[in-house]
Amino acid sequence: MQVKEEFKPTIVAFCCNWCSYAGADLSGTNRLQYPANVKIIRIPCSCRLNPMFILRAFQRGADGVILCGCHPGDCHYTTGNYYARRRMTLLFSMLDYLGIERERTRVEWVSAAEGAKFAATMNDFVETVTKLGENKRLEDLRCKSE
Amino acid sequence: MKKCPISQLDALFAALAAQQKLYIPTGEAKTAAFKPWEEGMKLTDALNTVRSAKDLFFPQVENLVNFKVTGKEIEIIENRDPAEPFVVFGVRACDCRSFDILDKVFLCDPVDTYYQTRRENGVIMTMACTEPEETCFCTAFGIDPTDPAGDVSCWTDSENLYLRANTEKGEKLLSGLPMLSEGDAPAADKSVFERLPLKNLPLDKFGGEHMMELFNRPEWKGLAESCLGCGTCTFVCPTCQCYDIKEFNTGDEIKRFRCWDSCMYSDFTLMSAGQPRPTQLERFRQRFMHKLVYYPSTHDGEFGCVGCGRCLQKCPISMNIVKVAKTLGEEKE
Amino acid sequence: MQERVKAKAIELLESGVCDRVLGWKAGEFFYDVTPAVFTSREEIEKEFVFGPFCGANMSKYLIAESRKEGKKVGAFLKPCDTYSFQQLQKEHRIWRENVYAVGVQCEGMCDIEALKAAGIKGILGAEGSGDTLTVHTLYGDKSVERKAVLAERCACCKSKKLLGCDEIVGEQGEELESARFEQVAKLEAMTPDERFAFWRGELSRCIRCNACRNVCPACSCEKCVFDNPNSGIENKAASNSFEENLFHIIRAFHVAGRCTDCGECSRVCPQHIPLHLLNRKFIKDINELYGEYQAGADMDTRPPLMNFQMDDPEPSVVHERGSDQ
Amino acid sequence: MQKIGVFVCWCGSNIAATVDVQAVSDALAKEPGVVFSTNYQYMCSQAGQDMIQEKIREFGLTGVVVCSCSPRMHETTFRKTCEKAGLNPYMVEIANIREQCSWIHKDKETGTEKAIILGRAAIAKVQLNAPLTAGQSPVVKRALVIGGGIAGIQTALDIADAGFPVDIVETKPTIGGKMTQIDKTFPTLDCAACILTPKMVDAAQNENINILSYSEVEAVKGFVGNFSVTIRRKARFVDETKCTGCGLCTEKCPQKKVPNEFNLGLDNRRAIYIPFAQAVPKVATIDPNYCTMLKTGKCGVCSKVCTAGAIDYQQKDELIEREYGAIVAATGFNPISMDKFDEFAYSQSPDVVTSLEFERLMNAAGPTGGTLLRPSDGTHPHTLVFVQCVGSRCDGGEKGKPYCSKICCMYTAKHAMLTREKYPDTDVYVFYIDVRTPGKNFDEFYRRAVEEYGVHYIKGMVGKVVPENGKLKVQASDLLGGQQLHIDADMVVLAAAIEPDKSARPLATMLTASMDTNDFFTEAHPKLRPVESPTAGVFLSGACQGPKDIPETVAQAGAAASKVIGLLVKDHLTCNPCVASSNEMMCNGCSACEKVCPYGAITYIDKDFRGPNRTTLRRRVAQVNPAVCQGCGACTVACPSGAMDLKGFSNAQIMAEVDAICK
Amino acid sequence: MSDMTEIVKRISGVNPRKCMKCGKCSGACPAYDEMDYHPHQFVDMVENGRLEELMNSRGIYMCLSCFACLERCPRSVEPSKLIEAVRLAVVRQQGKNHLNPEQIPELLDEELPQQAITSAFRKYRK
């Protein structure tokens, strides 16, 4: 009997080194749980996130991509997250315009002190993406292992 | 010769599609394309499709082989698309001639087995032209658009579709169709082709004899000047046959595939030492020299162009083989 | 108009201001006009044209032309070309001092495909100014309304203003009220499923000929990421729907805030993909979220993606905005 | 292809409990490029580090992946380890399998699976790592201390003692801060002014210290070792160099109705004023909001009485720009506003006061000359109710603060004790939720208040205070007594929560230092780097980092000073080699990168390049100054051609990580 | 009784664990002396599952629903919601024996605040 396996989405979380990555560490230090499907990639600043990386993640099988950075005004590099905010807003709007589920992409500002927010955000995001199901609209079939 | 009432066309397509995959030219004039036939699909009003029938035999992207990586082992996996028989209906005389040209490239030794398989599996049903576009100049290459080649040739008048099998494959295809009856097509009216503006393309100077002279002509500079270096002409061309072999790493597998390349691209035939044709002028010249000089010089004077006129319609800056041929072929008083 | 433009071109050469001029060269038919460099009065008199099929945006050629040695290059620019011209200067791509820019007023360019779509075949020529166009065909003369055969971008022209030129032929024009975002709004009003179906239908026709990119004045990178094997996203052909999407998303994103909406991408697409709708989406979003911005309209303002406000909307605006759709 | 060594750490049971470390090292051994893979109990131990070094030499490793705790913990450790073994330190990548794996997952299978993927991603990245060499940048040997309270003063004194010049920027006309307003200090009950004012004078007399009072930081540019700070010197309309501080003007000024902020508005001062007798600098300041001369142009009394000719009504704000190597934030705290606590009738009755106001009422230099009198009628209060935790420990929201303000228990005990000592005829009630006395001699102090001074400590909270017939009707619960109390009090003292000064938030933005949700500055590490901000070169002193009492503040101030000294003694700083660099062959020279660079690290040059067919092309190309670039990567995304890339976080590396994770 | 605790927590939306036992609710309560259990005890009793005692207590009907405790609670525990929920739980358990709308007119007093009427609906038995 084949039991239908529960869908576990692949989530890529890009976290800026100074706030959100530290926030993620803090949620670990505080033993706050969030699903293992979330894998974090450390980037120096949210402004390092090239839209290319997001599309790449979807191509390679991600079902959701989230960017976490310092709160606006708190960027370690002063202005990085302001640029990231515009870039991501426009990119997400474009993905939505192309009919790709807008819930698959998200930006959250998580400070180094917000371990609880990090865990809560991830839990919520995983739940949202799980409900959406597999990424079909921006998939690259070549990358889906048979 | 067989005939089939126009009213029975859908039934004819259905019968063909029941046996094998059937492609027909369909869609709006601006975007007409060969597509797999489905119930209710209409033939396009356009004279010709945007992309040529070449695509069905030599697709833009084609998988060749996979390399599977497990740990530190690499396994080689054949990855050919499954061979299935198919029919293309509505190929124009120009596109049909393009297969002669492609065959000479792909089926000479070493044979391109990917192309070969598709050629063997594909049946070409051509359609005679009655209302050419002003951009048509197939007659310049000795093609009779009113009497196209192919496995099966077709004509229409207001009531009937007339079909004539030219090859064994064609005979076999027609033999199984119950809606066909005997009947001959009325004689074609060729007068309109006489009025085609480009019918007298000055091709005498081309064909391989004046290779170096043509190569060094100063007019190339002016012709190539505005070329954007896009691949439109090559990708809509029924005779362009250049491809690149590329690899895609999926993470645990490497997929080797081939895709069309364009001699107009800056990385065409890029080598470790650099680009053999470093400027657009050289790349531009390559394309037209190939069609009008290099190909004929190695293939008994046969030109690498069939006069379908697609590049005339599609070039973003309206530079094309006709302008090249006229510039280089006419003058020289 | 054609005669005035030609006279100006000859004047530029003969007065010694320029040693070459960039203009439009007649083709085999009346509509297949090619951008070309003219160096003599004879060439200009014989082959220079300016008419309803001179759609090509000349600004991009000035990147290379303005760097050549010699005298200035004379350039004839339509209003929308001048926006690109300014934008390229802003990006330090054109060496302005080597260009003598002549603004040419434009009545809107016609689309040969629109003529053909009107059911006219075997077209040999077109004549007439004003509202009606007489078309000569292999099958006799036909007449059509000019408005009906205007290119889409000209039917909703955003501006007739000639910017940053050394001289103007014809009247200086004004910015116009344009309905250019109507189609974008229509798409926005659709459900995501409908939008997905729409764009799949359009983008699946893409043959990756790169015509849109190569004609685009904003896409003038020394080396495009899609041609660069080290970029990680290089590809020569779209192997599947993902790569089709990828190319067009990234291209639109790279020109976002820089695209002047000249519409060349859609004009040259051999598959008639409405690429301008991608660029206009970004323009519309930028206007709505960050304030009106027209790329190329001036030389000073910071492009919206290289700028920010402390109180910019959060990316979640995308989610909230369309929640009822 | 790199030769990669993988080292999986157990971190005792921290990782090994939820991650099968053996399985991880086995799985990663199979990855391409991996030539050695192992696991060990504590990789960061000397033995663990020795092993890494040994394996680097043994296998000639070109890359190292350590699967361990967060790179924020030990990346530097392992980089140094590898460097000692001859491997470039930037050939090391850390897979964070503790904070981001073992600690958040309970199921071993899940944890192991994820750890393997994280390890893979690190391996994929290391494959593309390139050796990087750090550059150097010079250090400006001067420090800036922002805030002139006890924290700022102590930090400045310590830095100055080490021989480095320090500037103190204080927004008030005098340094001294909150401590000047405090009467006595717990638990010793010594006089705050007596111990503070000598320090203020020290600071004023120290030739390495330059006090910029009545000044604010306007803008901060630069980076560690090379900050450039714009300081606004607000116009005080008195020439600091001429004013002798005689105070004559402050006596003669006809504008007498200015609420005296030093006494928290409990009395009035003049429009020209010296905040208090021991102010440093002892210089008068004209309050432009009240000065008749400045507002209407008619008066000029102070100018007439000033024998030094120091008054200058034309004075304007002045902007000065200075270079600093290090910056210390010491912006301090304020009691929160009591506006939202109507139940305690703070705004209805002047007899309901905050503890800081009570401090002034008890102080000899205060409005009542040190006699405890009710602000409403100047009578002697007999029944006093102290309420603790007002606005502290609240459930977020707008009303209060979620944290414990830490100092209230002790100062309330102090107030209760002092009241009872001075006025044995009073009844003093303290309503508490918990009494928190962790500190040397703290609990003893509190017990003395109860046992020796007879302060009534009641576990419970005041529910409401209603002013009625000159009394304050206090209704409260006595949880241990199981009854509701109704007390007719003469005064109610609220131990208001403290919050960071409002200037801290904009300052943090200028300094690019991060803050927590309560606007306290975040430290680089809560335990191990408590006086440093995550932003290099920015240090934290005093209550701006979290609630603190005086000894803690002084200790932290000294610690911050020692960190600053440690920085300033260096002649050069090693730069972060993970900086942007532009590939000139692909650069368009379009200036996109320059526009988004927050450091001005990008400039352009025209350069000749070899074109096809022996031609030369002149192009404008970007150049990055690696000493100025901080490696944020904003430019890399702005660059459409991808010419701009970031070392250590290159496009290819990040995409390799993405690939490995999504595989 | 433990399910009842859950029900009460669910109806009220109150998390009694947030209580830090400061007693401000009881300090603020105007009906303190009328009650056998006091607001802070309510919270504690729910947390510790002593619901039966609570449901049988008269104190829950002495609550004025003035929301002083809710307003003052520094931890947003909101005891009055809990009391309300306990009353509701009692009412539900007893069936339809609360005040009928038809009976309202005769009981109506011009001076009666709206809030009191609403809470009376749930509070008084027949």
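Think of it as A, B, C, D and E in the order they're written, each chain with its own count starting at 1.
Here is the rule we use: a contact is a pair of C-beta atoms (placed from the backbone, for glycine too) under 8 Å apart; a residue touches a chain by one contact, two chains touch by 3 or more.
Just so you know, these numbers come straight off a predicted model, no measurement behind them.
J.: Counting one step per pair of touching chains, how few steps separate subunit B from subunit E?
T.: The fewest steps needed to get from subunit B to subunit E is 2.
J.: Centre of all protein Cα atoms: which chain's centre is nearest to it?
T.: Chain A is the most central one.
J.: Higher C-beta contact count, A-D or C-D?
T.: Looking at A-D and C-D side by side, A-D shows more C-beta contacts.
J.: Distance between subunit B and subunit C based on Cα centroids, please, to the nearest Å.
T.: The computed centroid separation for subunit B versus subunit C comes out at 30 Å.
J.: Between subunit A and subunit E, what's the gap in Å when you average each chain's C-alpha atoms?
T.: Using C-alpha averages as centres, the distance is 44 Å.
J.: If you average the CA atoms of subunit C and of subunit E, how far apart do the two points sit, in angstrom?
T.: 71
J.: What positions in subunit C touch 2 or more of the other chains?
T.: Where subunit C meets two or more other chains at a single residue, that happens at 225, 232, 239, 305-307.
J.: Name the residues of subunit D that each touch 2 or more other chains.
T.: Touching at least two other chains: 596, 638, 651, 655, 659, 662-663.
J.: I need the residues of subunit E touching at least two other chains; which ones are they?
T.: Nothing qualifies.
J.: I'd like to see which chains touch which, written out pair by pair.
T.: All touching pairs, sorted by chain label, are A-B, A-C, A-D, B-C, B-D, C-D, D-E.
J.: Can you tell me which positions in subunit C touch subunit D when the two form their complex?
T.: Residue positions touching the partner: 67, 91-93, 220-225, 228, 230-232, 254-255, 302-303, 305-307.
J.: Can you check the complex and tell me which residues of subunit A touch subunit C?
T.: 51-52, 55-56, 58-59, 72-73, 79, 82-83, 85-103, 105-107, 137-142
J.: Within their complex, state which residues of subunit D touch subunit E.
T.: Within the complex, subunit D touches subunit E at residues 343, 389, 393-397, 399-400, 431, 433, 459-464, 475-479, 482, 484.
J.: Give the list of subunit B residues in touch with subunit D in this complex.
T.: Of all residues in subunit B, those touching subunit D are 69, 71-72, 249, 251-252, 275, 278-279.
J.: Which stretch or stretches of subunit B touch subunit C in the complex?
T.: So the residues of subunit B in touch with subunit C come to 28-31, 33, 47, 50-51, 60-61, 131-135, 192, 195-198, 222, 225-226, 228-232, 234-236, 244, 246, 248, 257, 259-262, 265-267, 312, 314-320, 322-323, 326.
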